[in-house]
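In what comes next, chain A is part of two complexes: it sits with chain B in the first one and with chain C in the second one.
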Partner chain A sequence: MSLELKTHNEETVIVRIGKALDFRNASDFKAQCQEQVQEGARNFILDFSDTGILDSTGLGSIFSLYRQVSPLNGQVVFASVSRPVQVVVQLTRTYKVFRQFPSVEAAQDTLA
Partner chain B sequence: MLAEHHTFCDLDALIDQVHHLFTQWERDERFAPSLGVDDLHRLKLAVHEWLANLVQHAHFNGHDPVISLSVEVQDDGIQCTISDNSDGFNLDDELTLRSTSLESLPERGMGLLMLQACTKRLSYTRVQGSVQKLEFVVSTQDNPWLKIQFS
Partner chain C sequence: MAENSILIVEDERTLRRLLEYRLGKTYQVRTAANGEEALDRVHEEAPDLIVSDIMMPKMDGFALQDALSQEKATRAIPFIFLTAKADETSKQRGMRTGVDDYITKPFDIDQLLSRIDRLLERANVYQSQLDAKLGQDFSERLMPKRMPEEPGYHATFYNKPREYGGGDIFDWKRAGDDYFFTLGDVMGKGLQAKFYAFSFLGYVRSSLKAMMESTRSPAKLMQKINQVLVEDEVMENTFASLLLIRWNPKRHELTYANAGHCRPVLVTDNGPELITYSDMILGLKGDTEYQDSTLTIPPGAAFMAYTDGLMEQQTPDGTMLGEEGVMTCTEHLHTADAPIDELLQRVLDASHNDIFDDDILVFWLQRNA
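Now for the complex of A and B:
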């Protein structure tokens, strides 16, 4: 359930979500992203390529990050969205808030 | 009818054990063609939300937890029953409270509403003694959604 954060440039961070973003690691996600924001990050690319579950608490932690970076003109975007995550995106209509990209590279190109 | 029944006794391992089951079912196409891949993921989400609620909030009043999961393919979807030996709570009251107090871009309080949104015929009742039973159907014909305010 380990999250991997990688700095793309001084404003953009890639977060490899891994198997799950749920009630068990949502607070860890929130804390690690908050630390990045304090260090100057504004844009977050969430890589869901291997993710089997995104639950309500995980989605809530992404909303929290979005609320934090929006006033800073930052963005939270989804990349390489797996089928289980797409089900949650459709159920909650969050595609209206979070842009989706087919790959991390495509997201990087757009946010560059 | 195609069906599966499983019982779990370790709350700490519960979520991983159930996720493992779903991974097996998807890999083996256990419920295909009755249930599509997205229907299976919706079922997994509904089951996960309920179990997450049990793990985080249920009171077992000194009993060792016993949780049973049953799924059965029906004509219009998949029937799911999850029984537990917790103290239980009034699900209808909780759903009403959550739906009327949900904030914009909420950080908490969406779990039971997501469960409700992707199921039908949802109920949680005491069946005997200290056994509670959650029942619902995940439809293969609907395109459900949960209304969340984004601004």
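Now for the complex of A and C:
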């Protein structure tokens, strides 16, 4: 599965989700993000530009990450949200928690 | 499936290396030079299978097998003896101690591989049968045995859990003139989701019972359930979408709160109507506020609620059926004799497959014309 993590600065990590975040790679996503949190990351920018599938297990792993960083005053934000991801976010009403940005750059500017 | 792990216990270095190399092509391999080391490895992480020599310094193969069989956690690990002791006595002793197979040196590596394969397959089949059985048992307990019976109404539901489906829940409870329906989906897949769904339903039931004395507001109940979910350590990282519906058949009224669940549909002569209000999914934010909304069921109309398995069913063009797709499939079904059967058939007709990919749960509340 093609998860790609990139450190933007000490506190902020950009995760390129790739084609899918679902039951197949959700635990991988969880483990990799956890590692980043242990190393001091607080903010996560999730790049959904190519994402066609986000199932409930995948979404659950994002929620876990949110639960993990919010006590540390961290944020999880969504960038370049694709249509299928938007549908899931609308349905679960989670846009109230995950701020959305048109691009990774826009998210970086706000979090900086 | 995850790669199977094998522990090789062999004091002779060359043979240990050879086995590590050959078995390492197919399995995740760890090694130990004697029984004592092997016990340490097993306690770090239990392997799926052990291949062990008999004659070794410190602790021999018999002693190792004996030590493993003393512990519940390690007793069932498949065990193959690999040894130069071709004599009958050792062989019989080996078999008596409960090893699963016995191969004498010099041995053929392909023969060893095929025996390993067979033993692992047996263990895996056993495990998945057990999972399926447990899953089935959980699923049955997550659904009611019967439905409310009220004059002028027909309440039905359909549930078809899949072995690797998720944690759909459905429940109802009567309170005076009102009925409370609980319909939801605990996130995740497989047995784990079903287990969480089972615990979650327990929470919901006890919260409802405890709070019904003081409030009949689905929104207030929802708020409480959300708090419990966020604050409770056992339920940490459990997320669920949930519909709490209070139904008063005398007033033909439905009052509901929606925590990020698929939005229900009201099917009338004017076509399907989406019941739009909804709020955030449970388990994410403890201070989320929920609202009650009320609607009246007109004569002859039907109220339909469901879980995401229906919506996520894939269409031939590779997209999901979606909310609109499900709504379209409900058209005119308020006059159908078997509305749920008809609905499922329409969904399948619109889909790429002639079976459902995920759990299916549909609740249909029909008011007579």
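The rule we apply is simple: the second predicted complex is superposed on the first by the 112 of 112 C-alpha atoms of A that agree within 3 Å, B and C clash if a C-alpha of one lies under 4 Å from a C-alpha of the other, contacts with A are read in each partner's own complex, and residues count from 1 in each chain.
By definition in this document, contacts are C-beta pairs under 8 Å (C-beta built on N, C-alpha and C of every residue); 3 or more make two chains touch, one makes a residue touch a chain.
Model, not experiment: these values are computed from the prediction.
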item: Clash or fit, chain B versus chain C on superposed chain A; value: clash
item: Touched partner set for A:66, first chain B, second chain C, both or neither; value: both
item: Which of chain B and chain C A:13 touches, first, second, both or neither; value: neither
item: Partner chain in contact with A:79 - chain B first, chain C second, else both or neither; value: neither
item: When both partners are placed on the shared chain, which of chain B and chain C touches more of chain A; value: B
item: Region of chain C that runs into chain B when the structures are aligned on their shared chain, from 78-86, 96-104, 276-284 or 294-302; value: 276-284
item: Intersection of the chain A residues that touch chain B with those that touch chain C; value: 23, 55-57, 59-60, 63-64, 66-67, 84, 87, 91-94, 96-97
item: Residue ranges of chain B touching chain A (in the complex, touch as defined); value: 15, 19, 22-23, 37-38, 41-42, 44-45, 48-49, 52, 55-56, 105-108, 110-111, 113-114, 117-118, 143-148, 150
item: Parts of chain A lying in touch with chain C, wherever the complex brings them together; value: 23, 55-57, 59-60, 63-64, 66-67, 84, 87, 91-94, 96-97
item: Contacting residues of chain C [partner chain A, same complex]; value: 166, 185, 187-190, 236-237, 239, 241, 260, 262-263, 278-281, 283-285, 308, 312, 319-320, 322-323
item: Residues of chain A touching chain B in the complex; value: 20, 22-24, 52-53, 55-57, 59-61, 63-64, 66-67, 83-84, 86-88, 90-94, 96-97
